[in-house]
Amino acid sequence: MSRVRQQELHSLLELPRPTSQEINDDILGPTVTIGPQFKTAVGGLGIIVALGVAGFILKAADGFDDRTNWGYYAAVFAFLFTTCQGALLVSITMRMAKTHWRRPLARVSELFAIVGFFNLLVFLPLLWTIPIADERQSIWFEWPWGAPRVMDALAMIFLVINGLALLWASSIPDLALYGKRYGGTRGAIARFLSTGWNGTPIQWKILKAGQGILGGLYWVFLIGVHFMLSSDFAMSMVPGWVDAIFPAFQALSGLQSAVATTMVALYLVRRFGRHDQYIYMEPFWALSKILLGLTLLWFYFWFAGFITFWYGRKPIEINVLQLLMIGPYRVAFYLAIFLTFVVPFLILMWNWVRRTPGGPTLASAVILVGTFMDKIRLYVGAYSFTDQELTDAFHHESAFVDEVLPATGPLIPSFFQTNWPDGSDILVIAGGLAMPFFIYLLATKFIPVISIWETKEGYLLSGVKTVLRRRYLVLAKPD
Amino acid sequence: MSEKNEFKWGMVVDTDRCTGCQACVIACQAENNVSLNTEDRFHQRRAIEWIRIERYWEGEYPNVKAKFLPVLCQHCENAPCEPVCPVFATYHNNEGLNVQVYNRCVGTRYCANNDPYQVRFFNFWEPQWPKTLENQLNPDVTVRTRGIMEKCTFCVQRISRKQRELKNEGRDLVDGELKPACVQTCPTDALVFGNLKDPKSKVAKMAKGSRHYRLLESLGTEPNVIYLKKVEENV
Amino acid sequence: MQERVHLTDKQINDDLLIGVETHPRWWFIAVGFLAIMVATAGGAFGYMINQGLGVTGLNRPVMWGFFITNFVFWVGISHAGVMISSILRLSQAEWRRPVTRAAEVLTIVALMTAMLFPLMHTGRPWRIMYWVFPYDFARGIWPNIRSPLVWDPSAIFTYLISASLFVFVALIPDLAVLRDRSTGPRKQIYGVLSLGWRGTPRQWRLQAIAGILLSALILPVFVSVHSIVSWDFGMTMAVSSWHSTIMAPYFVIGAVHSGVSAVVTVMILLRWAFKWEKYIRPEHLDGLGKLLVVVGTTWFYFFILEFLFGLYSQEAAEVSLRNLLIYQWPWNFMFFIFLATAFFIPIPMWLFRGVRRSVILMLLTSILVNIGMWLERFLIIVPGLTRKADFTFVWGTYRPSIIEIILVAASFAFVTLMILLFSKVFPLIPLFDQKEGKVLEATTRIGRRDVPSIVREE
Amino acid sequence: MTTFIPKRSLLGLFSTADGAADAVEGLQDQDFDDKDFEIMSGTPYPEGAFGEKTTNHRLYVFPFIGAALGFAVAILLTTATQVSYPLVTGGKPILSIPPMAIITYEGTMLGAIIFTVLGIIFESRLPRPKLGLYDERITAGYVGILVTTTEDRFKTAKEILTKAGAEDIKEGEPD
């Protein structure tokens, strides 16, 4: 089949219907060939990632005691966690909801599981930067020493394993195909991973049930990890910051950036992966509607937290608002609210923009920048307190009778200062942001970036029917 | 008079002097036409006391000590009870008073919920006095009907009468000549009332002493009632 | 799996207009009985106005009790309609068709009921005008927009007007059916109401767009309404267990949980009352059940956040409140019942397909959820107040009086009554949506199996 | 201005949608303009199912106008009520932005929704005081095709409708 650019083709109704063999050729072909463009991209990204590793080594040489030194590192990790590890949710959720337009993007979002594995490596050093002091507010209450470190590490590891398992489960049929077609090391690995899959009905049934269970678990784990990270790495580091909505807000921000990440990846795969035959317009349209909803919710969650603090006006609340909004991190804050809410909302509110591939992708890219700014505001802000300040403040505010308090002065002295990134921070940021592209590019050469079996299933379950005088798309809904 | 904003009323409560005699409570009831708190109303938890004495017991028998804390409306600068009222029945005037406008009140009781000091009271029943007591009602003070909120006003009727007097006589306020009923009655001078804006007044001086504190300071309400810590003799 | 029932347009009209066109005796008995209950409540309310709020169980510090609980509960129920019809319309869920109208009507009725309660609860209800309306009663005082109690009416009126218009727009084609089928003065009235609808392609197209556009516009309103109700509590810094940032989404998702359950209850009762077995089928309950699993679990997540973050700061008032809820009779009993009925019994049950498709089990579980969610509101509002004060000895408790119980009970009667009255005048299942569903049905043959399919419009 | 040519209306009733679609096809073949005939059905058929041309509408303008109006009114109201009687409550500023934002938001949405509903009614060409040539069977499953044409083409139209299988044909004056 000729590879025409089909910008305008919106849904399966207008698309030509390839045969099974053509689908195999079209999708598996680019997986095994390595072009010069690919080599340049991988090489360039590899160098940046190497610089990032160098930045990390520079930091590690300074030790883990000075927490302020690790603020940007934590922000980079948090950003990668929200975006890349959240991205899997798009395919999981849409598969659960049985939407038919998910098929082109299912694998695109699931491949981020591999990026998640490397993000785990980024995460582990961070454990040494959070205080284990029991005498501060935390979700671990009376748990034994080091509960945050142990539990956070365990939760992250489980999450990554779960993600990889999900990716594996959903790509078995494709790997089997890959192994059958190609030899060499990669073919052998694919054959090994496909564990003798031959597609009997019972195998399909188990595979789908497995995907459902792993997907449900991934949701639970991801929300849980968001909860732990946002309380252990952000809230508990700022005296008096008790914000029950914050874990949920972080999870929501994770969903928003997950959709944005998937959208950007989908666009890039479509543009550079020569897959516009299979990635038609409808996923962009449908995802952009969801993205619009999540963008509005982002502001809603933020406002729900803000107005409670603004109205309450306790000194401690005012201090938290000052630190994060009008204090030293205000630049990052206003950029964040502008780029995660205002700009994407203005882009996405137009129906005609949502029906193009470029519009939603632009909004997504803007959202990703905004999310990064938000992480800088929260994590660098949180990392600017020392252990001593935390314990002092905690004892201070939990005193029952206020007679002991001095009558003047704020409860928390404003000891935080602007913390601009230094040389090693910049290296870490550059390397950290290049890492997902680098890993993802490599991963596309091992696993087809479009799910072959889901695409075939999509063609099987859709058809064209004439009602009276016009042709319409018909979607079959088994079970 | 208030254009220059020369007043900011405040009170100092010296807990070291308080004997817990409750004279202020009675004086307030009489001055402000607060309805009688019968036994029934106490059991219903609907008693109204604009000023009350909190009593804390310390230590084990036989070395028991009682501590007293007179609590009245704190007339906060950032009063949490004010902004929640939908009809502006309570607001902050420019003399530092948290005022209650009975006419506007519809009785949502939201202010009572958002009052950390428990000094706002709701009239669940129509106020009633025995026939014999009806003639002792203060003509300067409204009798509040059922269905509205009320609370300590720093005896605003005395304040405005005094301000009229001053204006007529064309003179300044002499510190100590204006006293709410509770202050007037206190036998130990534990309560002191005055103008916090006047640096020479007794309240302003006492408020700057080393023993001062304010109730629930961590809430940031900035009360105009300042407490002085008890001096521990046996320490 | 979708079951296919074959019906002609005529039969759909006959079946779904059964409430309007027939006059069974049970309807009159039910309406009479409910009207008596509502009248009793009117008497109780009159007595309360005459005597003052002393006749309630409220006290210091529990200034808000059953009335506010019931207000929050009914506002919560009112979130069902828009949740169901908007989300499902926007996501093109096919099983929404019989559910939408009843859910929207439930929204309106519940909202009207909810609005009565803050009114009853005030000390001087006859003065409520200058609270709610921005009208200068010659006294120069306007409502204080800094008060959450002014945000409330602004949101609730917006929601009520929007929901009513939404229902009306979707009702126009059905009113045309009623116009064509009725005679005499009824025909005149339906004729005026249906605005001269004839069903041209342009009108149908706008009807379809209207559904989607209004859904998209009402959704943000719907989220704001319960958020603002939650901020009545969240803004209150003096009650530390209320003063939580999570309140807004927690209330909203809780409202959806109780609202969707209420829709299930109402649907099943309608199915039983009007013999609509062909329209309200197990597949619809199945869809609602799946939705409820998601909503209920999300709600539980927010509940955990709320509960846990009360302890996070380790403030005395918050800790004592949790102590009260877990260890002290009868609060711990209510807390246990609340958790069991709102989450631990229904959600695991709904994981099973058999339960979701069983009419009787769905009826029971959906009622359970609302028992739990009523208790949830009660347990947020009242214990928070009983353990409110930090340094004084006015920790109190609360016991509702008979007047409060009568009024709360009558609110349920009132809602039922209003739905029954509505069913006498308008169809509770949209006729045209059913007919559209029929047109869009298709079957795809895959291998040896006929798979039910759906024609998808762009 | 063209001279006034008297027109007559013709309503064909079809028991099946297929027949109606045939009739539409026939009318289009005979150069009847889309303005000359209207389809009436009690069932929402998918857009373009009868082969009719889809009409444009300007519904999306309405919510924006309404939102702008609602926004303006709400801002005016919230600002004016606070400024006209400046009372300090709880140390909050006289012009408190967050509460204003909440009420303004509600006002904006209310304006948008009211105008959308007005727009829907207006764009649907409703309300229509008189039904004109109409049949009550349309809401019971029949599809009606209302042709309004000049006397000379009247017969052609009638023939087309009959040929397409119209069960009943009513004649009348256009409204």
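The first chain written gets the first letter, and so on, giving A, B, C and D; residue counts start at 1 in each chain.
Note that in this section a residue touches a chain if its C-beta (ideal position, glycine included) is under 8 Å from a C-beta of that chain, and two chains touch if they have at least 3 such contacts.
Since the model is a prediction, treat every value here as computed from it, not as a measurement.
> Return the chains common to the contact lists of chain B and chain C.
A, D
> Would you identify the chain whose C-alpha centroid lies closest to the centroid of all protein C-alpha atoms displayed?
So the chain sitting closest to the middle is C.
> Among the chains, which is located farthest from chain D on the basis of C-alpha centroids?
Result for max centroid distance from chain D is chain B.
> Could you tell me the distance, in whole angstrom, between the mean C-alpha positions of chain A and chain D?
Going by mean C-alpha positions, chain A sits 44 Å from chain D.
> Between chain A and chain B, what is the gap in Å from one C-alpha centre to the other?
56
> Can you compute the centre-to-centre distance for chain A and chain C, using the mean CA position of each chain? Integer Å is fine.
35
> Could you grab the centroid distance between chain C and chain D? Build each centroid from C-alpha atoms only and quote it in angstrom.
31
> Identify all positions of chain B at which a residue touches two or more other chains, and write them in rising order.
78, 80-81, 83-85, 88, 215-216, 219
> By the touch rule stated above, which residues of chain C touch at least two different other chains?
141, 143-144, 146-147, 150, 220, 235, 237, 390-391, 439, 455, 457-458
> Identify all positions of chain D at which a residue touches two or more other chains, and write them in rising order.
45-46, 50, 60, 85, 87, 89-92, 102
> Please name which positions on chain C make contact with chain D in the complex.
So the residues of chain C touching chain D come out as 8-10, 13, 134, 140-147, 150-151, 154-155, 157-158, 161-162, 165-166, 168-169, 172-173, 176-177, 180-181, 191, 195-210, 213-214, 217-218, 220-221, 224, 228, 432, 435-436, 438-440, 455, 457-458.
> Give the list of chain A residues in touch with chain C in this complex.
10-11, 97, 137-139, 141, 223, 227, 231, 240, 242-248, 289, 296, 300-301, 304-305, 307-309, 311-314, 397-398, 400-401, 460-461, 463, 465, 467, 472-479
> Spell out the residues on chain A that touch chain B in their complex, using ranges where they run on.
Residues 311, 313-316, 318, 397, 402-403, 405, 407, 411 of chain A touch chain B in their complex.
> Which of the residues in chain C come into contact with chain B in the complex?
So the residues of chain C in touch with chain B come to 51-54, 58-61, 63-64, 118, 121-125, 127-128, 130-131, 141, 143-144, 146-150, 232, 235-239, 385, 388-394, 396.
> Across the complex, what residues on chain B touch chain A?
Contact set of chain B toward chain A: 78, 80, 83, 212-220, 229.
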